[in-house]
Structure formats: C-alpha cells, structure tokens
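So that we are looking at the same thing, I have put the structure below in structure tokens.
Chain naming follows the written order as A, B, C and D, and within any one chain the residues start at number 1.
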Amino acid sequence: MLVAETKIRVRYGETDQMGYAYYGVYAQYYEVGRVEAIRQLGFSYKDVEEKGILLPVSEFSVNYKKPAFYDDELTIKTIIKEKVTGVRIPFEYEVYNQKNELLNTGKVTLICVDKKTNKPCKLPIWFDNALASFF
Amino acid sequence: MLVAETKIRVRYGETDQMGYAYYGVYAQYYEVGRVEAIRQLGFSYKDVEEKGILLPVSEFSVNYKKPAFYDDELTIKTIIKEKVTGVRIPFEYEVYNQKNELLNTGKVTLICVDKKTNKPCKLPIWFDNALASFF
Amino acid sequence: MLVAETKIRVRYGETDQMGYAYYGVYAQYYEVGRVEAIRQLGFSYKDVEEKGILLPVSEFSVNYKKPAFYDDELTIKTIIKEKVTGVRIPFEYEVYNQKNELLNTGKVTLICVDKKTNKPCKLPIWFDNALASFF
Amino acid sequence: MLVAETKIRVRYGETDQMGYAYYGVYAQYYEVGRVEAIRQLGFSYKDVEEKGILLPVSEFSVNYKKPAFYDDELTIKTIIKEKVTGVRIPFEYEVYNQKNELLNTGKVTLICVDKKTNKPCKLPIWFDNALASFF
C-alpha cells in the first residue's frame, strides 16, 4: 500500500459565500496529494510527463461529510490500495481538518497515456517497478 | 423531468499544460448548469439562499470520456430525472462539445439545509411545488 | 479604437466568504474580454497560437471601486485605444454590473512572443493589418 | 518594515496551455503571502474578520518578468514598507523561483472596512499597535 499525507491550508480565494471551501477545490487538493504520493516513488509527476507519459483523469468522485473553512489546515491522505495491473491507477482519498474530523472521502482514477500516440498504454517499467515495491 | 442546457466557452485560465480543460473545472461548469436549471423553476439560486435555504453539495462525480480544449463551446445538459422526496436533490450531467461529442457525464447531489439551524431539512413548499410541475 | 463588450455572470465558485466576487477572478474576466476583442479582428486567440505567436501578459492591474456579487451579470468593456507599434499590446478595461455601476477599471499588456525562438517579436503582418483597420 | 516569506508550489491546475502558471494565479499567491505577513502580527486574518474588520482589495498590480512552471517552488516575499496612517494598507511583493530568479513584482492595497457600517475606517488600535512595532 502506498500512503502519502499532505498538508494544505484553505486559501481565502477558495472559499465561497457560504463560507465553505468551494466543493470544486478538492480537485486541486487531491491533485496535490497525488503529486506528493508519486514523489514517494523516487520521481516527480513532472518527470513522468517529460518521459512521454500523460496521466489524465478518467474518474473523479467526492463524498462530502463536513465543510472546510478559511485558514483550516487540512491533511490530504492519498492511498493506492492495490497493485496496478492495467492502464489505470486508482487513488483513494481522505481529507481531515486540524481537529482530525473526516471532511470527505474520494477517488481519482488516472489513465496512462502515451504522449506520442495519444493512446492508453501500460505503465512503463520504471514506473511499475517503483510502485511494485510498495505492495 | 427537468432538463436545462447551458453553453460555456472554455477559458484560457481553465486549461492546463496538457492543453486540456483542467479536470476540476467541471465542478464550476456543473454549478452553472445547475443554476440555470433552477432558474427554470421561476426563481434563482440566489433567491433560494435569501429565503434561508442553503444547498451544499453532498456528492460529486465525473466520468471523463474525452477532454475539452481551449475556446471549445460546451453544452452542459443538466437533468433532474425523478421527483425529489427527501432532503437531497440529485442532478445528472452530460457535457458535449461543439462537434456534439459526449465529453463527460456526472452527478451532483445537493442537500437542503436550513440556514438558521444549519441542519438538513425537507425542501420548502414553494421549491417543492415548482419542481413538482416538471414530473 | 477597438472596443468589445462581453457579458459574464458571476459563478458561485468565484465568490469568497465576504460574499464578493474574489478580487483575483478579474484576471479571467479580463482574459475573456480580450479573447472577444481579438475575435473582432477576424481570427481567434486560438488561431494566433496555432500560427506560432504566444501572447503572455507582461503587466496587469486592477483598480477596484465596488464589488460584484454572486449571479451579477457583468459587462466587460475591453478597449485598445491606440495603434500598436512595438512588441506590446495594451488592453484597457471597464467592468460594469447590471445596474450600470462601474465596478473596476484595469489594464493588461500582452507581449508578442515567437513560439519557436521564445523571444519577443513584432506583431505579424496579418495581425497588424487587422488591427490597423480600427485606427 | 514587515517582511514575510512564504513557499508555494505551483499546482498542475494552476498551469495553462502555454505551460506557464496562469497570470491570474498570483492574486491567490499574493493573498497567501499577505495572510502569512499578518500572522506575524500575532493574529490571523481570520481573527481580523471575526473582530468586525474586512480588508477588501482596492488596488492590485503585477509586473511579470519570467513565468513560473508546474511544480516550481516559489518564494513569495511580502513587504509592508512604511507605517500605515490612513485607511489603506499597501503590500509589496517579489516572487522568486527555486533558482532565485525574480519572476514578478507586484502591489496589493487593502482598505480597512467596518463590517457593521460597511464603510472605510481607520485601523483598529490592536491592529495598529501590532503593526507599529515593525517600524
């Protein structure tokens, strides 16, 4: 299992007039969590793109339990639960506030795409090996 | 059934370095679609808040099939399929580009909250009646 | 003089907890105004990039007089006041709400960059000619 | 003089199709810098609002020299150069990347507003005193 924890503070511009962190902002928060999870593999998401692999999102979902507020310090917990076999990488999420309350859970599935052909492809060996060491 | 169609043009600031409309931007696009769907009921989402009802999001999901690109003119199709009975209002989405290709489908569930008590509540009569006329 | 008027409705996700349209959102609104101003020249900003010209921003300023609120329908007035001679294109802005109140004024200066060399360059002939017809 | 330095990593969703951090994202980056500058005074911007003071932006400008790219780690340097006397607080900015290159400079002027009257007001004593200790 691969687990990464990232801290993010809610920006003023991310709140809405209800006083909540806007429901759409979690797409960015989950992205930041994902990037830090990948960094644990020994390379960055930037490296991945530079090596000719794009990882667009194929599925995204959030289940909201409680809102986050301005200046809250959130913990984004990003988890890859199982060994990746096909062209998809599923990330699961839990977001907590500074009182350790669970605010939402979610899921993002990335799809591995070859930049040259623009077609889905299997994870390259170097990615697959780095990931395998966690399972 | 309540169906609303809204046109949105992809802004430059909404693209990412892949050249796609960022996956998180659909939260805003769906919100705009929702607001126009509600306007068909004879009042605005703004009116709803002013009458003491908040409608935070409890669930949000997107299933991405194709990306949108800068300056694409998208059609956001927003649908309420069934009569609302409890405290939740489920909206379904289909997003098409100007070539009429289906880019993604999704779902957003709002939860009706009383602003004073900050607790979930049934839809107020005036909302429920307006909605009922579509089913 | 080149003048373009564009309507933009303030999205919920663009408000902040003060209930105002977030001060940073005008970067996007001005961009949309700019894009519509360029469309009057007979081509789109997308065409410009495809022809090998990038137009990054070199200066951006806003002078805020009154806030915009959720669901306000704004008019973005975009103006090129003088014939462009060098590598820079200066756009001036006025933003009005539906009551015709002036909310803010601003300025964005674009710099013409050759995509291949990544260096500033003079406006290409086809751009310059299209623009000249307004002065 | 009050100086605060804040680190911000460029998110993927903040890039545009030129591959740059979108020019409008600095409104948020400057806001984060401002919030950390205020925290040095012994209270948070959140406290300020809770004590009945709003600080909307009256002027905002950025002078762009070089772009930031995805995953760059930026240093936002926020400076209040002079003792505040009237109803306005001027913040100056310098943004550097991890190679210590100056990417842009800017300025944001906040205006002190009494939440109850919604009118400009002088800085409250507790704010003024905390600030004075830096000059």
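Note that in this section a residue touches a chain if its C-beta (ideal position, glycine included) is under 8 Å from a C-beta of that chain, and two chains touch if they have at least 3 such contacts.
Worth saying up front: this structure is predicted, and the values here are computed from it rather than measured.
> On the document's contact criterion, could you list the chains that touch chain B and likewise touch chain C?
Of all the chains present, those in contact with both chain B and chain C are A, D.
> Once you count every C-beta pair in contact for both, which comes out on top, A-C or C-D?
Result of the comparison of A-C and C-D: C-D.
> Which listed pair, B-D, A-B or A-D, shares over half of the residue-numbered contact pairs seen at B-C?
Matching more than half of the contact pairs of B-C: A-D.
> Using CA atom averages as chain centres, what separation in Å is found between chain A and chain D?
28
> Please work out the Cα centroid separation of chain A and chain C, and write it as a whole number of Å.
Measuring from centre to centre gives 33 Å for this pair.
> Could you please state the distance in Å, as a whole number, between where the Cα atoms of chain C are centred and where those of chain D are centred?
Distance between chain centres, rounded to whole Å: 24 Å.
> Tell me, which residues of chain A touch at least two other chains?
Residues 12-13, 17-18, 22, 24, 27-28, 31, 70 of chain A each touch two or more of the other chains.
> Can you tell me which positions in chain B touch chain A when the two form their complex?
Against chain A, chain B makes touches at 17-18, 20, 22-28, 31, 49, 54, 56-64, 67.
> In the complex formed with chain C, which residues of chain B make contact?
Residues of chain B touching chain C: 9, 11-14, 27-28, 31-32, 35, 44-46, 70-71.
> Where on chain A does chain C make contact in their complex?
Contact set of chain A toward chain C: 12-13, 15-19, 22, 24, 70.
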